[in-house]
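Here come two complexes built around subunit A, the first alongside subunit B, the second alongside subunit C.
Our next item is the complex of A and B:
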């Protein structure tokens, strides 16, 4: 209702159905969910095995992918080219990191029932953020490698894109109905909270990352307060703006 | 009455049995100055395309691997791709044990390649061998024996392209990769207009002036036009049984040429 699904611009030469759904940058209740990760395809099978079986021991390295390929009876000595064709980065490590980001984002869809029991939007946002942060648990030992690689200039666009998609997903799942500038500021502040919490998490030694969750909640409180302050200021500014216009109008009418 | 099957030879329609002979004639007549002509016609760009293909495939036995790779370069008469792949593996990964088989239907092209091989580090080495083979059948190559199958600017000369792809699938090991570099179709109509004008008016003329062989180059141009477009060809690769990653092809220089790949899962 809020986000009308815009009709995808038809491709003059080859319009394909998949293009129109994968290129959409926002959520809409009128269309199926945007596919995040197709685990049935060959490259993702290798990445999945690497991520699940080898990253916890060998980190986000080519070695992990090599071992995974070997485990599936493939050899990267001749199949590396396949990744060069399908990935933007041409770097296997970045592919592995992207797999991590996408598969974690995909898992958020399993929590809808639990989240819907919560009353307010901010509670649901916090719930999803907590779930998403805890997805980092198995690989947290090597997550600094991943973050370092994500912020390299050549990979930054892809990583920021994925970060936006995460905060967009979380906002949408939590029932965000804003259709004004708040749409942007919500996603922006959510991304900020998420990144800060991830950085905090790298050095968090507490049981089950309780401190990270607490940190995230504190940051979310700040965002909520800021939002309250911003909304109050907006209301005040609009009220005064309109009064000023009316005052001028009335003075002019008196002649 | 049984009707003989026909196929196209450039824009002419010929009997299937005759095409092989005709193609052989074309390449026998261009073999000796094949490279010069390629350079002139594509203004040197074919070298960049080949280099791009080799780098993109990035094949080679990695330092801590145990099994050397078995390459097969089909229609690779002059050996550009074959030497390039071996060089890439040697220079980047110190691979000095993978082997290369160069197959071509045309003995004249093969002897060009063998001659050029003498100037490379692979001269007289058991790592590279040249065999005369029909790419559609590959009778001398056993099933499931190769890791990498490459074919550059060759597959459009096959009488039956699908049979060639099926054979590629047969000779590759499971986990092997098929890569094809071939002229394709320009997707921008305006650019295509100029490309067609160039290829139909200038190329045969250059063939006549430089190689004194207008007909062969007329054939090359026509056969490019007759070759299926990117999507269709990717479909044919799928039909042969390959897994085609992503959209299955990469256009080079607006689609004048395209790289197609497939994986035998």
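Our next item is the complex of A and C:
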């Protein structure tokens, strides 16, 4: 019933971000992945130019997008109209912010070789978090605008979705193999650390954001300690549970 | 041996080999992996509970142990598929663990016949469920094109998944047979016990597919 007729047409995914409001997707090496960002789309070309050339000076504003469109020789009086048809939010600034989030998430894929040299999962998680935080560097001056817009109720689902995808990507790249509730706790704590570090970063004036990285590492230490404490308790409880049952059984067997 | 080597050398394809799934197909595959993982986890814990309650009977111990080992293998297989395919595990995993273990212990305490009736009911539901999945995997995934040739075929992901489910279904149905051979029909109240367990399993399947 679910598959009556042919629905497998990849070009369904043409629209800019409309498909981003799905859950994290089934992934396998034998099938092509749907790209995080399709750079060949007209809207994304404008956003790319705006993000790279104008956001560092003019911030996450409509002004940046207008400048970019002008720079690309698109004569667009009705930019809003163009994005209205293809974007979820119908807000140019949100599209720009989403472009920032997605392109930074995409760039994490460049670091796999370096990350794989690290021994443990938590080291790799910290490595990816650090790289992701430092990608905020060029636009950090205007990042408060972006954060303020992201937490508006109308944009919150979209931003949380993107946050979850980031922590899911980082967990997957770092070799997470959890099969139970740990899957959720890992991603939630990772998202928490990331948000706290970003907020810290807004006011960080240290050289190359050393303090932010240190803050992130401290928070990750806390998470790791919590996980260690919980796992130790669970191990202790299971061991004692089994011992108790075996003790009772042996006493019963003696009659 | 040389045949296997040759085969594996000649079949290393350039990855990926196929076009993306549609969104409905992706959603369906996620469900399949999630519910099967939760189901095998449940089976694993039911046998753990039954083993705890019944392993003092020497004639039952090897039978339970054999079936339990197979369920552990199934569970591990779906665990590795879940991480490989980036599927979210069921959020109710702790509840499945506790519920399945309690069900195992409770039916085990009813005695050999109760435990076997539980196995019979569970494996009936699981067997049907796997068959349903195989049907959908055969009918709903015929339109995925290969990247180089435009012709439609099953990718290795789909054919492997079908093969896994087929093997597991046969093993589950063998458990069902074993249960019937070991007097599952002698359990009292047979009808009430098996039907309520079947209903519980179906409700769990419905829930695990979604959350």
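Throughout what follows, the second predicted complex is superposed on the first by the 199 of 255 C-alpha atoms of A that agree within 3 Å, B and C clash if a C-alpha of one lies under 4 Å from a C-alpha of the other, contacts with A are read in each partner's own complex, and residues count from 1 in each chain.
Definition applied: a residue touches a chain if its C-beta (ideal position, glycine included) is under 8 Å from a C-beta of that chain, and two chains touch if they have at least 3 such contacts.
Remember, predicted model here, so these are calculated numbers, not experimental data.
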{"item": "Subunit B versus subunit C as contact partner of A:42, first or second or both or neither", "value": "first"}
{"item": "Which superposed partner A:34 touches (first subunit B, second subunit C, both, neither)", "value": "second"}
{"item": "Partner chain in contact with A:181 - subunit B first, subunit C second, else both or neither", "value": "second"}
{"item": "Subunit B versus subunit C as contact partner of A:82, first or second or both or neither", "value": "first"}
{"item": "First (subunit B), second (subunit C), both or neither touched by A:74", "value": "first"}
{"item": "Of subunit B and subunit C, the chain that contacts the larger number of subunit A residues", "value": "C"}
{"item": "Interface residues of subunit A shared between complexes with subunit B and subunit C", "value": "13"}
{"item": "Subunit A contact footprint on subunit B (complex, rising order)", "value": "56-62, 65, 67, 69, 147-148, 174-177, 179, 187, 231, 243, 245-246, 250, 261, 263, 265"}
{"item": "Subunit A to subunit C touching residues, read off their complex", "value": "2-3, 6-10, 12-13, 19, 22-34, 168, 172, 176-181, 183-184, 245, 249, 253"}
{"item": "Complex interface listing, subunit A residues touching subunit B", "value": "13-14, 41-43, 66, 73-82, 84-86"}
{"item": "Contacting residues of subunit C [partner subunit A, same complex]", "value": "15-30, 33, 37, 52, 56, 79, 82-89, 91, 93-94, 97, 136, 139-141, 143-145, 147, 155-157"}
